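Going in written order, the chains are labelled A, B, C and D, and every chain counts its residues from 1.
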Amino acid sequence: MSILVVLLSLAAGAYALAVIERWAVHGHLSLTGPAWAALALLGRESLLARKSDRLFFELGPVLLLVAGLMAVAVIPLAPGLIITDLATGALFLNAALAYVLVALIMAGWGPNGAYAMIAGWRFLGQFIAYAMLIVMPITAVAMRAESLSTVEIVASQEQLWNVLYQPMGFILFVVAAMGLAWLPPLDLPDATGELAGGVEAEYTGVRLAVLRLARMVIILALAGATVTFYLGGWLGPWLPPWAWSAIKILVVAAAMLSVGRYMPRIREARYLALSWKLGISLALANIFVVGVIALVVPI
Amino acid sequence: MSELSQYAILFGLSVGVFGFVLSLYGFARAIGRARAEPGKDVPATAGTLSRDPVWVRYHARYAGYALLFLAFDMEMAFMYPWAVVYREEGLIALLDMGVFLAILFLGLLYGWSQGALRRQ
Amino acid sequence: MTLVGAREGAMSGIRRAVAAAMARDLPAFVLPGPSVARAMGLDLSGSHLRLVGTPRHANLLIVVGPLPPGLRDAAAVTYAQIPRPRAILALGAGDIAPLPDADVSAPLTQAGLHSGLADLRRVIAAGAFRADSGEFNAPALEVRVEYTCPMHPEIVRDAPGDCPKCGMTLVPRETASDGHGGHGGHDMPPEDRSNPADHAHAGHAEDAGGAGAYTCPMHPEVVSDAPGKCPKCGMFLVKAEEGESHGHGHGHGGHGHEHGSEAHGAHGHGDHGGHGKQQDHSGHDGHDGHAGHGGHSEAAIDGIEPHFMSMVEMTEGQPRSSDGLQMDWIEVPFGPFFPGLPAGLRLTLTLDGDTVAGSEVRSLVGRAELVDGPQMRVADFVERLAAMMPLSPVAYRTLACAAIEEAASVDPGHDARRGRAAAVERERIASHLNWLAEFGLQSGFLWLAARAGALQLAVQGADVAGIAAQAGAIRRLTRRVQAAPLMRMRLRRIARIGKDTPASGPVDRARGGGSDARTGDPTLKDLGFETRVRNGGDALARLRLRCDEIAQSLDVIAAAGRIAVPQVPDVDRVSGEGAARIETPRGAAQLRVKLTDGRVVEADLDTPSDVNIALVETVTAQQELGDALAAVASLDLSPWEVRG
Amino acid sequence: MTVQMIFLAFFGGAAVWFGVVVFRTHSMVRSALALLFSQTAIGAMFLVMQAEFLGVLQIMMMATEMSVMAIFMVMFMMDPGGMGKMDMTHQKRLSLWAGGIGLLAALLLVWLPDWGPVALSVPGAHEQAADLGRELLGRSMLIFQSAGLTILTAMVAATMVAIVPNAEQRK
């Protein structure tokens, strides 16, 4: 039952995100727009580049969707409202999202097109930049919660949300999450002005529809993860828990989608250098600080 | 809910995604099939046909980062179980992991000094 | 009412619903490009269109203005790559062959766009599917298939088979059919493009012993009589026979160190060591059971010349990257319709991974002869020059008028001069805003793209009061752009240009240079003009300088108090020569005209883009792809200004 | 229990099959990703055997590390797209011997030692992770720290071998 509820809210959330994305990218707000766009996409030809690696080309979007859904599976929306409350939930989230990389490499390599291939390998570079900054902040979160279960992690924030407890980790995690979902300004693998669509460039019709849907699911999963790890999940006064989850996730997702509108895309070299020289140092410092606080303060 | 049934749910969901995607493809197929035409199946390159295959030995300039990444990724295997028992173990855990991370950070600094952290 | 590019299938049931959805959701690809559309005064953002960066994601092709001849093939390619159902909306385009007839044609105005889109939506809703849709083909899409060995690119056959050298299966490769420029960068003279029969000989012509052709190991189509470097990748050309005889020698002598017992393989090669007929090769390969394995190790394998299978030797002579590694380079076209690069500019980058190892730039819309025919009426000449430069028509119109007045010794008068100066400054503001919008699009700074585009449209036809009304918003925009997060990081040290390289306009002034045709102009001096200069010489300095110039031009226009686009001077059967030089938004342009009997008989134009296009190679060399494209964009080239 | 066995066999078969694909394909990227999925299947086997932490860790780490391997394979192998249909196998005799000995060793390791009685009840997934943590900080601390040193050595060695030092780069 709760699985069905989560899946339906996932569908609703993905649609809401599509509305927000159209507004952020194309500047018009239309509640029905994504529905028409999706139907139109299904009606367009879905082309296959010749000399392509068809298996990769077909599998890329599907694997992306699987990865997104697996990540969503460990996000709690309310007490009891979660698909699977794994004891290693935070780690599993990581594992699922690692396949985003695999899917994008497949999608990039598959069509044998220059833009897509460069985009796919670029994303591997981007992954190397953000990966540690996803993992290390989560470790600090798990230290406080004494568990990897996402439900426990939310419960551990009863008295103080992690965003206040470990603000540094929050910032690092959000930036890394945007990199993972290749959201502007970290949209190196589908940069319109540099690679004319990149990994998405060869996808048309129904395959593109699946790819876009998968991306929305991933953004939702990451917004959900941010909320779970740092913003107290379903915790909040007055409103029922599920409403708090929905509001927080949508606000975080909308913020992640629209912030890139106001700045140019980062350069790959700078991104890598910043992540490794500054980001990892800060992430290690964050772990240390949280470690000291966790020993001194009993919350 | 037992752990095995949770894994079964996850497995079922993955299979379900394939089913969902296949049904979408079936719907799209019902509307029509793609038509083969000249130039249509060549990867798009902004108005110029580029028919040469691009699967060549790709020069990844982030190779240095990639090498260090492998080491850091390895280290995460130890971080998670450590994090779970951190508060229980207390100071010893902090010191232990402090030493471990310091060693790793040393490796990072070495790589940095040698130029692993730059475009090659 | 159906689309020319309709999808196959009867219009019924679910397809009707899908067609209705398509009519509401129109992802559009604009030819020649959004910046040209804006320069022509078309606001594409407000019509519920979604502009996309690749034809793959579009289903509507909007052709804005007449399609230049040089872009027709590219337009056909773009159209061919749009998935069906696809539609064409032609705005003031006239003849668009080889594209099929436009589904809807409308005049090149905002009203035309709106009515055209409304019509188009109806056409799509009614006719996105059709039982018998015709096939689209164009000369640019024709191909010839040839077969080549992945290890020995010099082997090219027109039928499938095995490589005579290593026995690997030849892989098919498509090339553009001869005599057509559709293939990226392959614009070598026809005589250099060997036909398949020649290729079949290429590996064996050395039997004659003498004039062996030189060829590039990576680009077999490059054939030269003399040694040298490959024009595409810069590798040293190898003598066509060299690889082969070397390989045989190696096979004979040093072979079998691992599979010595199976010496028949090496022996077989030894037999025809020095010469080698094709039959010998194929006969030999026939009994070689292991043909085609290995290749990933340095181990020699019987039956295959170890020379070609060795990674170390394979890459011998190939150019090395900065870190000493040798990789394969690919040639990737960017443009002529690449989002974020000037429309009409075809940049072909040789990429080593994601780093630019070489570049070739070409304008597909370069200007033709200014004087069309033996002589031209003055009015026609002025209009022609203005129409040739869609990105800055007013500046070139002013230039033409000034040169003709000079030739005819006519003085336009003080007020007219002020009005003209203000008109050119207004265009400078619009042009720089257009550049900012393009930069926004390229770098994913979408707020900038939308805001600068809107301001450009508001400014470019406005009078003094209209510009004054927008001045505050424009100044805020320029301040905000420079302060945007990541902006410095994005542009600093990109596309650095030294003091000695020739450059024109803002590119020169942003490296501390002082070239400005406006310096010393008394009219502008009156209006409070001072040359703006920035130091740095990188893309960031150019951005800042353009922002400075926008602010300065706003002041000049306010001081001038009037804007007057010059009228064609009334010259009455005079003869004479005259020259004029003005600072267009992209730099100084100079025009010399010769009048005979009141008609233009000769004209000669120097444009800033002629100068700046030569910088492309310098600023892209060894840059990361994104940086290289930002570097090219920072030059603000107008392909229309480049000599065709 | 039977269902568990069926799934174990299924994922085991998948792991082996992907392992075979590694050598049967021509494309380097396919080869690398086949290895990736082979490892993923092993991770799934761990899950079926209720070793949750180990399984999830395997699934996560192999995805990333094999992807990194893919780029190195594309960098250094000829014809990474497999367009020339080259065979992945070489040095067959040696490989057969090595593989055979490896298999034998694995089988001996399975059959010979005394693995003790079959564990009928498995600790909960959370307990597993916590136990592992306690182990790391207690009895196996030395192993843990020497793992750190090993990783450091690997980092230094990889950097020394593969990276052109800054000073030389500038020349």
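Methods note: a contact is a pair of C-beta atoms (placed from the backbone, for glycine too) under 8 Å apart; a residue touches a chain by one contact, two chains touch by 3 or more.
Keep in mind the model is a prediction, meaning the values are calculated, not measured.
K.L.:
Using the contact definition given at the top, which chains are in touch with both chain C and chain D?
P.N.:
Shared contacts of chain C and chain D: A, B.
K.L.:
Would you identify the chain whose Cα-based centre sits farthest away from the centre of chain A?
P.N.:
Between chain A and the rest, the longest centre separation is with C.
K.L.:
Starting from the mean Cα coordinates of chain B and chain C, work out the distance between those two points in Å.
P.N.:
Taking the average C-alpha coordinate of chain B and of chain C, the gap between them is 34 Å.
K.L.:
Between chain A and chain B, what distance separates the C-alpha centroids? Give it in angstrom.
P.N.:
Each chain's C-alpha centroid was found; their separation is 12 Å.
K.L.:
So, what's the distance in Å between the C-alpha centres of chain D and chain B?
P.N.:
Distance between chain centres, rounded to whole Å: 15 Å.
K.L.:
What are the residue numbers in chain D that touch two or more other chains?
P.N.:
Within chain D, the residues that touch at least two other chains are 27, 52-53, 57, 64, 68, 71, 74-79, 81, 83, 124-126, 129, 164, 169.
K.L.:
Show the residues in chain A shared as contacts by 2 or more other chains, in ascending order.
P.N.:
42-43, 45-47, 51, 86-88, 91, 109, 112, 114-115, 121, 124, 128, 131, 147-148, 196-197, 201-202, 205, 268-269
K.L.:
Taking each residue of chain B in turn, which ones touch at least two of the other chains?
P.N.:
3, 31-32, 34-35, 40, 42, 44-46, 50, 53-61, 66, 68-69, 73, 76, 80, 83-86, 88, 93, 108, 118-120
K.L.:
Which word fits the touch map of the chains here: line, ring, star, complete or other?
P.N.:
Looks like everything touches everything, fully connected.
K.L.:
Give the list of chain C residues in touch with chain A in this complex.
P.N.:
7, 15, 17-19, 21-22, 24-25, 45, 48, 50-54, 56-57, 59, 83-85, 128, 330, 332, 338-340, 351, 353-354, 440-448, 450, 484-487, 489-491, 624-627, 629
K.L.:
Which part of chain D faces chain A closely enough to touch in the complex?
P.N.:
It comes out as residues 27, 29-30, 33, 36, 52-53, 56-57, 59-60, 63-64, 67-68, 70-71, 74, 81, 83, 124-126, 128-129.
K.L.:
Would you mind writing out the residues of chain B in touch with chain D in their complex?
P.N.:
Spelled out, the residues of chain B in touch with chain D are 3-4, 7, 11, 53, 55-60, 63-64, 66-71, 73-78, 80-86, 88-89, 92-93, 96, 99-100, 103-104, 106-108, 110-111, 113-116, 118, 120.
K.L.:
Quick check on the complex: what are the chain A residues that touch chain D?
P.N.:
It comes out as residues 51, 53, 55-56, 86-88, 91-92, 94-95, 98-99, 101-102, 105-106, 109, 112, 121, 124, 127-128, 131, 147-149.
K.L.:
Help me check something: in the complex, which residues belonging to chain A touch chain B?
P.N.:
3, 42-43, 45-51, 61-62, 65-66, 69-70, 73, 83-88, 90-91, 109, 111-117, 121, 124-125, 128-129, 131-132, 135-136, 139-140, 142-144, 146-148, 196-197, 201-202, 205-206, 209-210, 268-269, 272-273, 276-277, 280-281, 284, 287-288, 291-292, 294-295
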